[in-house]
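Quick one: the structure is below, and I'll ask about it shortly.
Note that the chains are named A, B, C and D in the order they appear, and that numbering of residues resets to 1 at the start of each chain.
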Amino acid sequence: MKIKYFAWIKDITNNADEEINSEKINNLDELKIFIIKKYPDLKKYYDKEILRFAVNQEYIINNINLDANDEIAIFPPVSGG
Amino acid sequence: MIKIQKDDFNSEEEINKIKSLHSNVGAITSFTGYVRNKNNNKKVNSINLDVYKEMAFNQFNKIISEAKLKWKLTDCLIIHRYGKLDVNSKIVLVSSFSEHRKDSFESCKFIMDYLKKDAPFWKNEFYDKKNEWLVNYG
Amino acid sequence: MIKIQKDDFNSEEEINKIKSLHSNVGAITSFTGYVRNKNNNKKVNSINLDVYKEMAFNQFNKIISEAKLKWKLTDCLIIHRYGKLDVNSKIVLVSSFSEHRKDSFESCKFIMDYLKKDAPFWKNEFYDKKNEWLVNYG
Amino acid sequence: MKIKYFAWIKDITNNADEEINSEKINNLDELKIFIIKKYPDLKKYYDKEILRFAVNQEYIINNINLDANDEIAIFPPVSGG
């Protein structure tokens, strides 16, 4: 699955996007655990509920199943306009 | 009409293009957002706006559809810039086209309120000696 | 800035002239009123707008002062045309310049509501075979 | 004093403005009576409270004193914007 990062999250991941595929990741909650392990500096923001998640360009708050074609975005609260 | 672009734009021209399609439109309300020279008591030189473009398109389409359910709207225009924007640059234009002014005022405000709250754009403000990502609390 | 004129105008240019004076302005709400091709189920070809110019100036000045008491407004622009105006022509532009969007939205709406109710302009609508003075009930 | 007419009132007075001075006119109510005598076609609109009055560019509803330098405008309800 394709993971995208925005704003200062990119400074932590050193990446704007990446492909992540693992048999351990079947849903969004499992992906979150995987990402936080990979980027420990994200953990404190995750714990403070500062991170936002979108699956296929839709905000997702609860857990949902994921498959290899999904695009998941991780970003901080927006500040547009 | 939705545009997400780096370049500046001419509001008169962009609005006229749409207005010229609709002779029944008597009312256009437009909101333009600009980069201010001060924010949270800090002197701002420029901003850099990051965007999740595909999601922003989807979001704008959805909010325009929702506005059309709530008000009698003939057309809608959203132009949102991204990238490096100096002080005094336009950031966003939202224009609502309708027969009567109440529909255009209320829908334009509705779209802007939504956009500030949910649209996937992130501001990185540049001051004289440093820069900072903004957090939107409103 | 208040202008009462026969000629058309370019909103982008008129707004930029004022915006360029104020780097603290982050929000401009603009309302533009146009001649519609239909009114009260009649096909309109043009209107002729009569105006009491001196009184309109006074009224606009007064309403801008009142808006500045109610909201944090940096500047205000009203351009109102008069004379013969064809369908699709601009009639009026009201723009409110402020730091934040709430002030500019609310003051722009306030000025337009006032203007429709009290400003000394009178519309004579021209149809295919006759013309009629409008009465404003709202 | 200077009297100005607007919109379709002009079609009744056949005049956009005129100078009216009479010893009988010391206030707005007296001017109204004078004008309606001079233009009887205005009476029905006056009776229906369709006419609006401004003195020196201000709406005036009640009676006020007038003098020779005043500018009085008579017009129907507005329909601008």
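Observations on the structure shown:
In the analysis below, a contact is a pair of C-beta atoms (placed from the backbone, for glycine too) under 8 Å apart; a residue touches a chain by one contact, two chains touch by 3 or more.
Because the structure is a prediction, the values reported are computed rather than measured.
Chains making contact with chain B as well as with chain C: none in this assembly. If you average the CA atoms of chain A and of chain B, the two centres end up 26 Å from each other.
Between chain B and chain D, the centres computed from C-alpha atoms are 48 Å apart.
Shared contact sites, meaning residues of chain D that touch two or more other chains, fall at 81. Touching two or more other chains at once are residues 33, 101, 112, 116 of chain C. Looking at which chains touch one another, you get A-B, B-C, C-D.
Chain C meets chain B in the complex at residues 10-13, 15, 19-20, 23-38, 87-88, 99, 101, 104-105, 108-109, 112, 116.
Within the complex formed with chain B, the residues of chain A that make contact are 4, 6-8, 10, 54, 57-59, 73, 75-81. Taken in their complex, chain C has these residues touching chain D: 33, 49-52, 54-55, 58-59, 80, 91-92, 112, 115-124, 133-136.
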